[in-house]
Amino acid sequence: MRRGTWMVAAGVLAAALLVGCGSSSSSSSSGGGSASNASSNKSPVVIGTSLSLSGDFSADGQAFQKGYQLWASDVNKAGGLLGHPVKLDVVSDASSPAQVVTNYQKLISSDHAKLVFGPFSTLLTVPASKVVNRYGYAFVEGAGGAPAAFGNGLHNIFDVSLPVIDNLVPFAKWVASLPASERPKTAAYATSDDPFTQPQIPLAQNIMSAAGIKTVYSKVFPAEVTDYAPIATAVASSKADAVVLGSVDVPTVSAFVHAFIQQHYSPKVFIATAGPDQGAAFLKAAGGAKNAEGIMYPNGWYPGYANAQSQKLVSEYVAKYGGTPADVNADVAEAYSVGQAIAQAVAATHSLDNPKIISYLHSGVTLNSVQGPVKFNAQGENGQAAAFVFQWQKGNQVQVLPVGASGSKPPLIPKPNWGS
Amino acid sequence: MSASSLAKAVVDGILTGGVYALMAAGLTLIFGVMDIINIAQGALIVLGAYMSYVLSVHLGIDLFVGLIITIPAFFVLGVAIEWAFMRRLREQDRTAMSILVTYAVAIIIEGLLSVIFGVDYLQLRASYVDSTFHILGFYLPYIYVFGFLLAIGLLGVLYWILYRTHFGRGVRGSLQNRTAAELIGVNVNRVRAVSVGIGVAVTAAGGMVFGATNAFNPSSGYDLISRLLSIVILAGLGSIAGALVAALFMVTLEDVVAVVWSPVWATLVYYASLIVVLSFRPGGLFGSAAVRAQ
Amino acid sequence: MRLRPPARALLVATAVAILGVFPLIFSSPTSTSIAVFTLIFMVAACAWNMFAGSSGYIALGHAVYFGCGAYTLTLLANHLGFAAGWGVFALVPVAGIVAGLIAVPTGLIALRARRHTFVVITIAFMFIFQLAAFNLGFTGGSSGLQPPTPLWSVDTYNLNFYYVTAVVLLATFVLTWLVRRSRFGLQLLSIRDDEERARGLGVRVARVKLSAFVLSAIPVGMVGGIYAYFLGQIFPQFAFDPLFDLSIALMAFIGGLGTLVGPLLGALVLESLQQYFTVQYGSSQAYLIIYGALFLVVVLLLPRGVIPSLEELISRARAEPPEQGPEEPGRTADTIEAVR
Amino acid sequence: MSALIEAEGVGKAFGGLQALTDCSLSVAEGSVSGLIGPNGSGKTTLFNLMTGYERASRGEIRLGGESITRATPERVFALGVGRTFQITRLFFRLTVLENMLVATQRHEGWLRSVLRVAGSAAERVRALELLEFVGLSGLAARPAGELSYGQRKLLELATLLVADPAVLLLDEPTAGVNPTLINQLTERIRELNRAGKTFLVVEHNMEFVMGLCHQVTVLHQGRTLLTGTPEQVRADPAVLDAYLGGADDDDL
């Protein structure tokens, strides 16, 4: 018995170490793989970030890591920051706020990161921003756009992405402006109880109600639901013409899609705040392009975005990680934009000095990013962020709103029936 | 609030409840026989979903047909887990230490799945996942109906094993009184290994239905544990029929509250009603008085 | 462990000294940050064990008191207009008291049940409070709440939190020690071994259990408040976190359930190593596998927890013949004081 | 001699099962009384009712004339009724001495009970004396789980004595105990009885009962069949019938 225990224990340990050796070599915490391309022989500049590589936010966390790495390798190819090659220092926070607090202190004080990038999700961004603020570092992030992250009196936080609260505004205005024959008469609103989605829905609902679109269902559901069927069925039985879904991830949207299909309910307009932006991952869960057809989502970016830098990012992504352009999700671009904003600030100030970078970012300059122009307001939100609405059309993400904007194609309305 | 959407919520609750009963059945069997709280149950369900995914996507085997492979594989896995880890815990500290061990097992499974499959969400696909039939004014998805029938079928088999076979007598003996079972010649070690094997095997089926009705990734299992645990306790330890009734009751209640009142309060009502019922029936709905007497 | 009083006093003095000087020696913010979280979990595991370890009631809902402490401190600090700084720490005891008050009704209901039913009821309470925090207006819902953020420098920020938490830890440890050697503590242990018989010997079990439950909720509420203040943000899912419940139970189990120092050791090892490993190796793909495997190995090699297993080894090394009771295998060498 | 503890017309049903129908019993102060009956006749159930572990469906239990029908076990013990269990119940992970200290009845405030060390010097001395009395003083520091079966029975008895109860209800004190220890046990009971303690003993060991008890009550199928001296009981044909015709289902 005792010997058995030792044997099992030893076996477990040996197996774990084997696996560990096998795959830790493939894991990389430095994105500066092509640092040698940089002509410079200056000391590398360490940029630290904490990402959720495991746990609840792991899907987005890992996409963010790719975005940061692509940026790092691009910037190194271009000679680095002020001639210093960039060395990314990625640590994992396992989706835990306590860990994220420790991680940024470690990145700055022990790893001597000169600059830091934000983590994934508002839930982790807020505690992280306070730590980083203590060090006087600029905290540029791409995925902490909920109102909770701003207005805390912090001067150092900058979100390169679209402020979450305005996400649905172009959509709501467009719906309101449709000719009466096409305009939905009724709308259903269902949203996850989450700081990311919650603020967006009422704003959209106000605009649409003002245009005479009757609200036939409006409910909040818990962030962690194990059975979406009754909620989705209730939405379906409301027979609303338009569905506005406040979702944070793929499983939520996919659950609604499947339930709607099962209920033979196909709204004329269907928009979900997050999930459909996840490219191929969304298609996999939703059950293919036919089911995705016509689904809309608001975002600042999509793989087909008509922007030279963005196109380059997509092709680099495909070259490095394989797949098709549709596999590139918006997290990658959000992360990449963070790097771009920092790089421009460094170039403009000719320094890696955080206070200078902060005041530069607050100076009202307009920066370029793969997501379009970036201009920070007093709170650090990107007031210039392009607010787009995209739609899945024939397996591709297509920019449809704002109507008439460069790159916009006509939206598919009404959304075709499932699978047709 | 129309009567039909209420009726639909009840039907949804019953169908989904069947799936939960299937996922909880393995837990209740292991819990009852071994006094082990299997925290890894959620991870095993997700593992089952991934196995069905591999079989259906890479080998083109139908989800239900694939169970012919996954259920025996999971049986072996269960026996191995029992032999390697659970058996080594001492009687006295077993319940407490089992939480530690199975938690570690859950972490390892999550880690392996992330390495192999990545963390993107998947959902099982088959022609019947999205198709429905029309009955009594509702659309019923085939997958839920098939899942429910599978649950009833497998629970029936479990019930038959427990109440109609020699082995089942041994299991029930070990449930009620370990020492006495040993005295009348039950090989308790073997009964335990086989029980865990069966418990895990059933979980493979639960995982398949879960994967066909939900999008999942390697860390999806954690949200399930507290729910399954509450079903098992509400049912009464080791009671298969109880697990079915408890799952149907709880999920239906939750679905009805979600439709009638609000989804955000539905889960709260779920847990509150759990507390109320258990306050009056501490042994669970189908628990024997033995639990109380201890 | 059964040490002689002088040896024990020396051990305690050394531990307190290490606690005092640790952040001065390992002064990097990484280590002090890990240390603050570790102390928070040490308090929680120690307090939890005072109830659960002594009475045998495995409560998996102490996150209720952690979260209530966190919300109490944050709400009071914001509504009473506390300036960020030392003043907010005055609310830490209040957070503990509120948590203790909430433990009275929840404990009354949960403690009517036993064993597994009790476990599940405590879990259910945890989810009820989490969902209430999501849905009630004054909690800020899913956007959470932010307590004032102290404007301390990088060098002192962690230190201030460290020492406040260390004081709470000392107080909690003294409390558990007092309880352990008291008549009340003996009654708790008798409930763990045989509740029915304890009643037959005049132990007012309902009162004893509830008192211990409430007592254990207070320090948990206090560190909940500290946690919210330290993080500067509180969200429902992190204030009322099922993983918190699992963690403190795991810490107590791995250190030795029901022992005086086991949970402290368990929390010290588990929380600090977990944070360290995650920050150090978390970006490796195999991180979870290795972490889980190491965990398994520890549990399999020390199947009763560190302290009891060590005691067993020591007593075996002293070459005492193993004495086995007819029905209870193994030496039951709890750290309970025997006759002096 | 007046009745110290008595049951009158007591009945108890578990679900549909009538464990006790009509049961009356009276234990005179200063006596050693026996309670016998075939398995399943309701002896242990009666004990449970008398000590507050179960609530009687009908009838009344009195201690010194006061009703204790609805009292809790804690209360019953505080009033001076101690009991042992059919299967010995001890605090197996506590030491023998600690087992003795649990029963100490001291009326003190909640805060004092938390802050004061368990067992004052006087209580420890008293506990050790009682352990001496049952011959276990050498094992005081051992975990109770290490004791032999007979030693456990003795310890269980000793733990009750700490609180100096007026009545002791013993449930099968000799079951599984070797003859030497039975003699020791008999001696101790006699000694305590001389010192004024009242006993009610459930027993299958007829030799033990007949040798020890002043009065014996026979239970059959949930009813009291008769009460009398050991000689009367032995001679009654109804008792023999009860035993011969007794069902062999489990004791309730």
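All chains are identified by letter, namely A, B, C and D, in their written order; residue positions are counted from 1 within each chain.
One rule holds in what follows: contacts are C-beta pairs under 8 Å (C-beta built on N, C-alpha and C of every residue); 3 or more make two chains touch, one makes a residue touch a chain.
Since we're looking at a predicted model, the values are computed, not measured.
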Required steps from subunit A to subunit D (each step between touching chains, minimum)
2
Chain centres computed over CA atoms; the one at greatest distance from subunit D is chain A
Whole-Å gap separating subunit A and subunit C, where each centre is the average of the chain's CA atoms
36
For subunit C and subunit D, let me know how many angstrom lie between their CA-based centres, rounded off.
41
Distance between subunit B and subunit D based on Cα centroids, please, to the nearest Å.
46
By the touch rule stated above, which residues of subunit D touch at least two different other chains?
none
Subunit A: which residues touch two or more other chains?
5, 8, 12, 16, 19, 23, 54, 193, 222, 224
Can you tell me which residues of subunit B touch two or more of the remaining chains?
85, 88, 108, 110-112, 114-115, 264, 267
Among the chains present, which pairs are found to touch?
A-B, A-C, B-C, C-D
Hey, which residues of subunit A end up touching subunit C in the complex?
5-6, 8-9, 12-13, 15-17, 19-20, 22-24, 26-27, 29, 51, 53-54, 65, 90-94, 96-99, 101-103, 105-106, 108-110, 123, 126-127, 130, 134-135, 146-148, 152-153, 193-195, 198-199, 222-224
List the residues on subunit B that touch subunit C in their complex, please.
31, 37, 39, 85, 88-93, 95-97, 99-101, 103-108, 110-112, 114-115, 222, 226, 229-230, 233-234, 237, 264-265, 267-268, 271-272, 274-275, 278-279, 282-284, 291-292, 294
Sites on subunit B touched by subunit A in the complex:
2, 4-5, 8-9, 12-13, 16, 84-85, 88, 108, 110-112, 114-115, 118-123, 125, 129-132, 139, 141, 144, 213-220, 223-224, 227, 251, 254-256, 258-259, 262-264, 266-267
Interface with subunit A, subunit C side, in the complex: residues 28-30, 33-34, 37, 131, 134-135, 141-144, 146, 149, 152-154, 157-158, 227, 230-233, 235, 237-238, 275, 278-290, 292-294, 296-297, 300-301, 303
Partner subunit B, residues of subunit C touching it in the complex
58, 109, 112-117, 119-121, 123-125, 127-128, 131-132, 134-135, 242, 246, 249-250, 253-254, 257, 285-293, 295-296, 299-300, 303-305, 328-330
